[in-house]
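Everything below concerns the one structure shown next.
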Amino acid sequence: MSLRDIIKMIVVLTIVSAVCGGGLALVRISTADQITYQKIKFIKEPALKQILVGYDNDPVSDRKEIVTGKDKKGKDVATTFFYAKKAGQVITIAFETEAPGFAGNVGVMMAVKPDGTMQGVAVTTLSETPGVGTRVKEDPSFCAQFVGKPLTANFSLGAEIQGLSGATVSSTAVSNAVKSGVELYTKHKSQLGF
Amino acid sequence: MGPVTTAILAMGGLGVFLSILLGVAAKVFFVYVDPRIGQVADVLPGANCGGCGYAGCSDCAAAMVEGKAPVNACKAGGASVAQAVAGVLGISAAAAEREVARIFCKGDSARAERKFKYMGINDCRAAMLVSGGDKSCSYGCLGLGTCVANCPFGALSMGEDGLPRVDDEKCTACGTCVKLCPRHIPKVVPVSQKAASLCSSHDVGKLVKEICEAGCLGCGLCKKACPEKAVEVVKFLSVVDHTKCTGCGKCFEKCPTGIIQSLVFTVV
Amino acid sequence: MAARIVKEFTKGLWKEIAPFRFVLGLCSVLAVTTDVKNGLGLGCAVIFVTTMSNVLVSALRKIIPDKVRIAVFIVIIATGVVIVELTMQAYFYSLFLVLGIWIPLIVVNCLVLGRAEAFARKEGVMLSLADGVGMGLGFTISLVVVATIREILGKGTWFGLPVMWEGYPGFEFMIRPVGAFVCLGLLLGIMNVISARGRRKRK
Amino acid sequence: MEDYLMLVVSAIFINNILLIRFLGNCPFVGVSSSMSSALGMSAAVLFVNVLASLICWILQKTVLDVFGLEYLQTLVFILVIAALVQLVEIIMQKVAPPLYRALGIFLPLITTNCMIFGVAVLNIKEEYTFMQALVYAISTALGFNMALILLAGIRERMDSTARVPKLLQGVPICLITAGMMGLTFAGLLGLAK
């Protein structure tokens, strides 16, 4: 193993790994957005399908990320807004918000029409107690109560929305999520730009 | 710094670091290995799949060089690799020359020490299951006659000294005894081989002296005495390369235990 | 030359079909073959990786010093695998989720490195290409064969379409890891007998 | 402390890396033909598995996550494992020849062992902490060794005493025995997640 061999070895291995590293980075970049699209599509699509209706575009690709607040560590938090269009015209906007539930955050996806009425609400993620808290997701009548109501309506329990008996904490979580969503929506209405 | 450059730098840096590490280690920890093992290992596929039962290609190559493993032991390589290995080792795979099995152990009941009295099934493989056989030498022949019983051509018979004897005429080098023997004592060698060290022990000489009067001590005197450079000491065991050996017999007197001896003798 | 290419290619399909003939690349054959679709997906990935690695290895075979040979081969194979990972994540995301850890494990698949070491290191680019595709295809065929047996017996479906009679309870044993071992063991046995009988006929 | 115990028990018995998760079969079939090679292989696997998992874990947390190169994980891990195995082989050949004679010859076999790489990747995928990764690496290696040594024992007795049908000689019977061993472990499946 003369010195010349060692140097040749170092050169070859370094060049090969560097070239491979660079090549992979290029592949990474060219597939990056497609991968994020697939990830979002795979997670959000089921919920979007429940609440959006009568659209002819792919809401997952017509999406927009808007900075809507800061989290504890000061890093800004962005919410993705999905545009559902019909013949180029935006008919509804869907976005997701969260609120603390019984055993963890309850994620709620809302669809709002430009004229300010609620088109649909669907629970996406939850870790509530199975059979009790999860009824907010399984029982369609609960989420149906939100449909058609104007954004200015009072979504807290007892007013226009009746909570599920025995699952008050989860129901309040959903209504809080909807309320924070509405507030978020009205605050950033101008940025949505449609 | 764009993502591409970070990737290149990260991978390049890792490459440099690892290759320098390997280079330095190779230099600092250099150790001499029989070159033929390297040549055979090159020819083997190197996939280290373990299919041959050995632990990877270099180990299989070492076994082939020592003659423990047949040339076609490498299952992954198939026939083409067997040809190539035979080429490197100088023995032709389709040995035109007749081969015969030889018993590479001379530690008979008189000269080899026994750890305990074995009373189990009269089969070497079964004896092996009882804490590795009753012989102190962990490489020596147990003498319970599995090979004799299973030789399809009846070429093997149990000598009165407790070691199997090969009948050159009947032996067709089919290799059954080689395969069956749990200690790989019988080996198939060309009939023309004139001399061999009839021992399989890789133990250090000091240990062999205590447990067997006939064992090879790996002292290398035969290697020095051999004018043809035909003898190699591989892991404390002298191995005769039959292509170079002329049977001059210079090594026979030098060997302290007389284990290296002439193979050319008339059928008794 | 062309004849040799064809020979190298067909060799991988039967005479030296990897998982059966000499027990290479067993891990993925056992794990992924509960479903023919997954088996096919992984098989295509292996074809791509084996071919790409064979071609690159045989192209660079002259300049790679011996001491670092394995490391360089592994880098080339790993690059192929990461490319497969990324493209699969981008275009076949559901398959990617199902195969999960088995995509990166192609890197340590004894077949790929075995072919690179045994063949590509010594032969020209064209031959290595033929060998890579042949071996990859052979591997995929064996994956599909094992997967077909396991899926039909296990779930009574093939590619997801129900095949068995209506009340077929599904032979759960085949889906469990134990079934994989036994099924592959029996298949290997049958293959040995077929080739043994073939050899006896030729002799 | 109790989740470590559960981690150990589940790695060795419940989802044994070899019999249930299928990682590491190639050497499993080849090397288990004799007990001596099985013992040597298991010691080498335990040693390299722990070393490789820790180095890969550290590399992931310090280099890959920090610079956002997670997609390079496969490439970096396998390169490190290959170099590590070669390095250990070189050092052991010089420093401890008898140990190398018993143990080192299995080292090249380990580079292509799916288990070492699999465990390194699983450590990251399951988001284990450093200690958990260490415990997981040790227990998976012990699980692998247990299965390998058990099979080597069975095969040795089977070769010398059992009459295996012509159809199943050699590898097929070995696979079926492994399957049966897996069956016994499958009995414990309900214990952990």
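To keep things simple, chains are lettered A, B, C and D as they appear, and every chain counts its residues starting from 1.
In this text, contacts are C-beta pairs under 8 Å (C-beta built on N, C-alpha and C of every residue); 3 or more make two chains touch, one makes a residue touch a chain.
Keep in mind the model is a prediction, meaning the values are calculated, not measured.
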Central chain (distance from its CA mean to the mean of all protein CA atoms): D
Reference chain B; chain at largest CA-centroid distance: A
Pair sharing more residue contacts (C-beta pairs) when A-D is set against A-C: A-C
Distance between the centres, which are taken as Cα means, of chain C and chain A, whole angstrom: 39
Euclidean distance of C-alpha centroids - chain C vs chain D, Å: 21
Euclidean distance of C-alpha centroids - chain B vs chain D, Å: 29
Shared-contact residues (touching 2 or more other chains) in chain C: 23-24, 67-68, 70-71, 75, 78-79, 82, 86, 110, 113-114
Multi-chain contact sites of chain D, meaning residues that touch two or more partners: 26, 29-30, 71-72, 75, 79, 83, 86, 108, 111-112
Where chain B touches two or more other chains at once, by residue number: 3, 6-7, 10-11, 14-15, 18-19, 22-23, 26, 30, 47-49, 51
Chain C residues touching chain B - in the complex, by the definition given at the top: 16, 22-24, 67-68, 70-71, 75, 110, 113-115, 117-119, 121
Chain B residues touching chain D - in the complex, by the definition given at the top: 3, 6-7, 10-11, 14-15, 18, 21-22, 25-26, 28-31, 47-59, 62, 123, 125-126, 128-129, 182, 235
Chain B residues within the chain A interface of the complex: 3-4, 6-12, 14-16, 18-20, 22-24, 26-27, 30
Touching residues on chain A, where the partner in the complex is chain B: 1, 5-6, 9-10, 12-22, 24-26, 28-29
Contact footprint of chain A on chain C as seen in their complex: 60, 63-65, 67-68, 71-72, 75-76, 78-79, 82-83, 86-87, 89-91, 93-94, 97
